[in-house]
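Here you go, one structure.
Going by the order they are written in, the chains are A, B, C, D and E; count residues from 1 in each one.
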Amino acid sequence: MQKGPASPEIKAKILEYLAKVQKAKSRDVAVAIGEKKGDVDNAVKELTAEDLVEYLYITTTYICLKGKVQTPNG
Amino acid sequence: MAAKLDQGPPNYKEMLPPIILDNYGKWKYHEIPRSGVLKHVSESGAALFSVRVATPRLVSIDFIRDVCALADEFCDGFLRWTTRNNIEFLLSDEAKVNPLIETLVAKGFAVGGTGAAISNIIHTQGWVHCHTPATDASGVVKAVMDDLYEYFESMKLPAKLKMGLACCLNMCGSTHCSDIGIVGVHRTPPRIDHDKIRKGTEIPSLVASCPTGAIRPDPKNKSVVVNEEKCMYCGNCYTMSPAMEIYDARNDGIAILIGGKVSNARSAPSFSRMVIPFLPNNAPRWPEVTEAIRAILELWIANADKGERLGEWVERIGWERFFALSGLPFSDMLIDDYIFARETFRTGAAFKY
Amino acid sequence: MAAKLDQGPPNYKEMLPPIILDNYGKWKYHEIPRSGVLKHVSESGAALFSVRVATPRLVSIDFIRDVCALADEFCDGFLRWTTRNNIEFLLSDEAKVNPLIETLVAKGFAVGGTGAAISNIIHTQGWVHCHTPATDASGVVKAVMDDLYEYFESMKLPAKLKMGLACCLNMCGSTHCSDIGIVGVHRTPPRIDHDKIRKGTEIPSLVASCPTGAIRPDPKNKSVVVNEEKCMYCGNCYTMSPAMEIYDARNDGIAILIGGKVSNARSAPSFSRMVIPFLPNNAPRWPEVTEAIRAILELWIANADKGERLGEWVERIGWERFFALSGLPFSDMLIDDYIFARETFRTGAAFKY
Amino acid sequence: MTEKKTPLLDELEKGKWPSFVTEIKRAAVKSAASAELLQVLERSYEERRGHWKHGGIVGVRGYGGGVIGRYVDEPETYPNIAEFHTVRINQPSGFFYNTKTLRTICDLWEKHGSGLTNMHGSTGDIILLGCKTEHIQPIFDDYSEAGFDLGGSGSCLRTTNCCVGPGRCEYACYDTLEACYNITNEFMDELHRPMWPYKSKIKFSGCANDCTGAIARSDISVIGTWRDTIRIDQDAVKEYAANKFPIQSQVCDKCPTGCLTYNNETQELAVIAEDCTRCHHCINLMPKAIQAGKEKGATILVGGKSTIVQSAFMSSVVIPFMKMDVEDDFEEFKDTVRRIWEWWDENGKTRERIGETIFRLGMGKFLREAEIPIVPQQVFRPRANPYVFWAQEDLDKSGTALDGTAL
Amino acid sequence: MTEKKTPLLDELEKGKWPSFVTEIKRAAVKSAASAELLQVLERSYEERRGHWKHGGIVGVRGYGGGVIGRYVDEPETYPNIAEFHTVRINQPSGFFYNTKTLRTICDLWEKHGSGLTNMHGSTGDIILLGCKTEHIQPIFDDYSEAGFDLGGSGSCLRTTNCCVGPGRCEYACYDTLEACYNITNEFMDELHRPMWPYKSKIKFSGCANDCTGAIARSDISVIGTWRDTIRIDQDAVKEYAANKFPIQSQVCDKCPTGCLTYNNETQELAVIAEDCTRCHHCINLMPKAIQAGKEKGATILVGGKSTIVQSAFMSSVVIPFMKMDVEDDFEEFKDTVRRIWEWWDENGKTRERIGETIFRLGMGKFLREAEIPIVPQQVFRPRANPYVFWAQEDLDKSGTALDGTAL
């Protein structure tokens, strides 16, 4: 994955895309928004630190907008 | 104060006793003066004694505190765990070894697991914490190790015996390369709660979660169907959705695989192979499982050459001979029919009876 | 007269000499008094002498008639072929053995192929008669056997050496389990003649003819397209339609596989393994091929234990060592990437350099 | 005959190994087709490519195989080999001949074809190499009259084949010659009328040496063996010892199971019977002293084939020991093979050899459905994965309500 | 605490092996959650089934893993374990501890959670077993403050793990403890931010004994070895001989390559250097007399994993020998691993471990594209099929006109 500050445009595109789906693999996000996967991963790192996006581990790790996917008892 | 991100694990250097810091990388040889004790001698002549003690792995903080008290008393506050969930007390003072062992024995600790012994069984969560187990982990381990305790505290086996237990096909216990592997197996496909699926499950992810592609969407029903011929009962779909109940109290149980190893000594690492496809979950003490394992173990003890791991012995005599000697039934369930099956077929006319 | 349907092959009983009829199934042991001669002794004490003579397999009727004349003179009119295209003259009279051999030698026949020798090379049609060959068969065999003739007429190898040649991947010569296998290989996908396809080819059959599913219909074009990534250059499509030219004079050639066997003696039957992915079709005498084979052979002779087949030797020393000793380049082409590749990967940390 | 030059091929008349070029030239003296073959072949040597096309149906009435159609790619230049088909004649068991039979073969072939043959094809047939379409039926008629029949081609039982067996070999554990003959005759329909997904081959080897290469080359491999223990003649052992034969190093040390011990003092050999895998090594080295046990028969293995599609397969054991008795007319074998073919015919895809069908659908399923008893001898080792398919009807389904309550 | 009965579990307090039931009971004294766990577990023992559900997001800010969400299936009955999540704490290299550190772990866990742990999880983490969602961030904050970090979960680099190595073992061929520590710190993003197709594990074993089980259990297995020849101390050999240690039968006869010879008279051991595969057997048996060579490093193997989907894989050799030097900051290793992961991230399907990706796409392609030199040590044996894929651009395409004429 890339290092250093992430591109604000990519971050915006990721949020926009994640709003449309329940959850997604970062590779699929990269393909969908036409960016390099490494850049998307880097942007996601910042978005999670900003509490906008979270990782979701069910058999594999997805990303989704914070709070979008419910817990079983929730 | 905010948490520090990415600071990494504690530095092991702070955890090393002075004798290790002084002799780091300079160990010359070791001896096993008695079962449960390793003596490592450095080029400098310094000797480090490790006293190995079993744990149930699932321990309370009070257990750890007890252990800490002993380590403070005998080991200047240093100890370690092994890759097999045993504790090793690290002593630089030989004079303290026997007192430590006496104290340990008095407190009911199990000392052993070195050399040609059974060590702790690598195992997993089971009914204690996981969602897809086909059996318990800690309970089976307890039952088996109680039964085989003599081989933990002595060193009278032909060679080391490494056991692993996993409570489902995910095989977190890495039983696939163990001398004896105990694997929890479901035997029935998931039971689908269509209402639950309609309420909450994202169907594409559910479909994708099945490793064998056994789950198809059923748009009419707004649910899914399972192709039972393709299902190998792994429970991955239950991980994705609680609507796919996989446990089945009457049909869950245990399979036994044997003969794997990972060391490169003598023979290449090898997979364990299934010899018993199913034994029932006869909790709390799984007598069928303990008996089956003891029988295999005793056959090995009686027949193996010195230094021969279980799998090395079976490979030497031939699996067909192992079945003859053990009296275990051989059935089509034991014949591979998965991706790499071909290499298991006997492409030759030479064999025993 | 109308032909008799389904009368089956001629009855072998009519082809057996009296000594065989008398001692059928009663043979006790055999000796190899000299290269090319087998002496089989019966429980009755009777001795049958077989004199083995090479053939080019592709023979004229006049050759067969010559042979018949000899068989009449020395063998009461009885002889046989071996499973490896040699002739065996069957003599019940020991006194005739040497005279026969002298006559054979005088006429230029090659006597040998018994015991620890190279026998005839099992081979196929090549440019003589087949439509998909990537090399000739008989010509390569002639070149190789001329070069290795000394090992046919003597018995000084470590063990038997069984060679096979197939002129394309169909492997009619069954080179896949030979000590040394010579395989004709195309290296380029078929060249499609779209006009020809439009004129005469039934496209569904053409699509179905490809073993790897590399051919797709191209309805727009009324033809087909080949997915070059999937094509392994077998030429099966050319069998279905002459519009799929597969030969490619500049790129066709020969691959060498070694170390296979089929007997169960000592070790289980095993596949041959590729050690040279390509040598050019340097007709008429394929010097690169004969040199490569001789080099492998001499390495084996110099290093193998007595009685050790080529593959048994390589397995004992390790393939990595074979490459080091032979100086043959190792490349990704030799690493399996097909269905059963996994078992060829070195899942262990022990190896030589 | 035209006297065209063949400088490249002429190179292949040099050297000590018998030359196929010489043979083609001999045939060319009498056959215009063979003469043209020489020309085409010389061209192939120049251009390094073949000149043949496959194709079309060339056959005889009532049969579906036995002939391979071949056409030269430039019929105008080579009119005599415009058609140049192969006829496969089923060889006698063990490739045994009397000269009369051989001469008949030659005479008929001189009359009808190129005068070139392969003795034998790689499957076992007498290969008559090169004739015109119009000659095929007459060829068959003439050969038939003379007592011959066609071999197989296409998706049928191919020409069977066997080792010399009891005809000349002390190792034969069953009568390979008779088995091959008898069983071939039993399956005439299967041989002559291709009706299966693909080809199927049977080879009969009298012992574990497998001199027909059955395990690699036949879908059904019949390999002689015995059920009891090797027999050792201690007197003969002493003779080997007297002749300074290295019994310890060559025989005992190379016994794969280490079950043979040689006592240097008593000069006696001993075997641990239950450890011997009947690999045949010791017998090969000391045929005068060691022989097979008394209870003889064969191991039946299934699935051998060469490379195309799924890789080469070797046959693998399905029946460790079967009696192969002439007296019983090989009935058990025939029955078994019928069940095996039936299963394959039912389940195999087009162009799928039985080994591939078994691999695709599972050995267990195959054995179950072909009603073959399941024994550990069928595998080198059991499965390494836990993916057992459980027949659901055998399980206790009484407690599996969705909510987990017992029913 | 309520005093419910647990007759089945009580059975597991009998016997000599330490009892996990006793441990849960000890924790139950202080933790209502652990007390309820005991009840649920007793029920599991009665009903022979589990009662847990997976799910949902439970994590800490900025991280994508390290916590496993767990929920009991009857939250009303068991409110204290309605949420009962696991927190994975990255253990120190080699599982070494001082008691101060351990007590800190205990104290913090007493404050926030069930008081139950696994020492250690099967991957290597300190497992804190059972806490509520609301406690997770505080747990992390407290542990972080005390110098701990989370381990991995999800599609990331998982917590790495190593053997005791130079800390206590004379066999260590490189510094496993430092390698594990240093390399883990290098890959913090990969460990904490799951972004790959699936999980990836690294285990470091100091020698061929592989005491971490790396070859079976890690995608990247780093196994210590040496490049030159074992060193034999003949005096020490004589000592073993004096102590009647069976050198010939236990050491030489079991050397897999037969390259060790013992001279009974001189009591000396000799090795044929080029035949030794460095299997470590002789060193294991005679650690005082035999040691590794001087040129030490590691073999890098790739692809190990357990059973799910394509079967269990063992790792296989990609780099036979690599220096693993602290002085170089393990740069070569880090570079290589980056290329390997990049290739996998590019080519792997979702939930495909790297071993499966390599198997699907071909070892040759993987090695080429990850720029790893190709050597025969990577395979047990070469391919048995002739299906070589030829890079078309490397071939001579000048003579392949459709009609076969040279161009």
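Just so we're on the same page, a residue touches a chain if its C-beta (ideal position, glycine included) is under 8 Å from a C-beta of that chain, and two chains touch if they have at least 3 such contacts.
A quick note: this is a predicted structure, and the numbers were derived from the prediction, not measured.
**Q** Work out which chains are contact partners of both subunit B and subunit D.
**A** Joint contacts, listed by label: C, E.
**Q** Show me the overlap between the contact partners of subunit B and those of subunit E.
**A** Output, common partners of subunit B and subunit E: A, C, D.
**Q** If you average the CA coordinates per chain, which chain's centre is most distant from that of subunit C?
**A** A
**Q** Just grab the chain with the largest centre-to-centre distance to subunit D, centres being mean Cα coordinates.
**A** That would be chain A.
**Q** Please tell me whether the contact surfaces of subunit B and subunit C are same or different in residue numbering, using the over-half criterion.
**A** Same: most residue numbers at the subunit B-subunit C interface appear in both copies.
**Q** Distance from the CA centroid of subunit B to that of subunit C, rounded to the nearest Å?
**A** 49
**Q** With chain centres defined as C-alpha means, what is the inter-centre distance between subunit A and subunit C in Å?
**A** Subunit A and subunit C have C-alpha centres separated by 60 Å.
**Q** Using mean CA coordinates as chain centres, what's the subunit C-subunit D distance in Å?
**A** 13
**Q** Which residues does subunit C have that touch at least 2 chains other than itself?
**A** Within subunit C, the residues that touch at least two other chains are 169, 171, 176, 247-249, 264, 269, 271, 338, 340, 342-343, 347-350.
**Q** Hunt down the residues of subunit D that sit against at least two other chains at once, touch-wise.
**A** 47, 49, 208, 210, 215, 223, 256, 278-280, 307, 311-312, 314, 384-387, 404
**Q** I need the residues of subunit A touching at least two other chains; which ones are they?
**A** Answer for subunit A, listing residues that touch two or more other chains: 49, 58-59, 70, 72.
**Q** Considering every pair of chains, which are in touch?
**A** Inter-chain contacts occur between A-B, A-E, B-C, B-D, B-E, C-D, C-E, D-E.
**Q** Mind listing the subunit D positions that touch subunit C in their complex?
**A** Counting only subunit D, the residues touching subunit C are 8-9, 11-12, 14-24, 26-27, 34, 37, 41, 44-45, 47-55, 60-63, 70, 73, 84, 86, 90-103, 105-107, 109-110, 115-120, 122, 129-130, 140-141, 144-145, 147-149, 161, 163-164, 166-170, 172, 175, 177, 181, 184-185, 188-189, 192, 208-217, 223, 250, 254-256, 278-281, 284-285, 287-288, 306-312, 314, 350-351.
**Q** For the complex, which residues does subunit B have touching subunit A?
**A** 5, 200, 202, 205, 209, 236, 239-240, 242
**Q** Can you list the residues on subunit B that touch subunit E in the complex?
**A** It is residues 1-12, 14-16, 20, 24-25, 27-30, 38, 40, 48, 50, 54-65, 67-68, 71-72, 77-83, 85, 90, 108-110, 122-124, 126-133, 136, 138-139, 141-143, 145-146, 149, 152, 166, 169-174, 176-177, 208, 211-212, 234, 236, 238-239, 242, 247-249, 252, 260, 262-267, 269, 271, 281, 283-285, 306-307, 338-340 of subunit B that touch subunit E.
**Q** Quick check: in the complex, which residue numbers of subunit D touch subunit B?
**A** These residues of subunit D touch subunit B: 208, 210, 215, 223, 225, 227, 256-257, 274-280, 299, 301, 303, 313-317, 320, 359, 361-365, 367-368, 374-390, 392, 395-400, 402, 404, 406.
**Q** Can you list the residues on subunit B that touch subunit C in the complex?
**A** For subunit B paired with subunit C, touching residues are 264, 268-269, 340, 342-343, 347-350.
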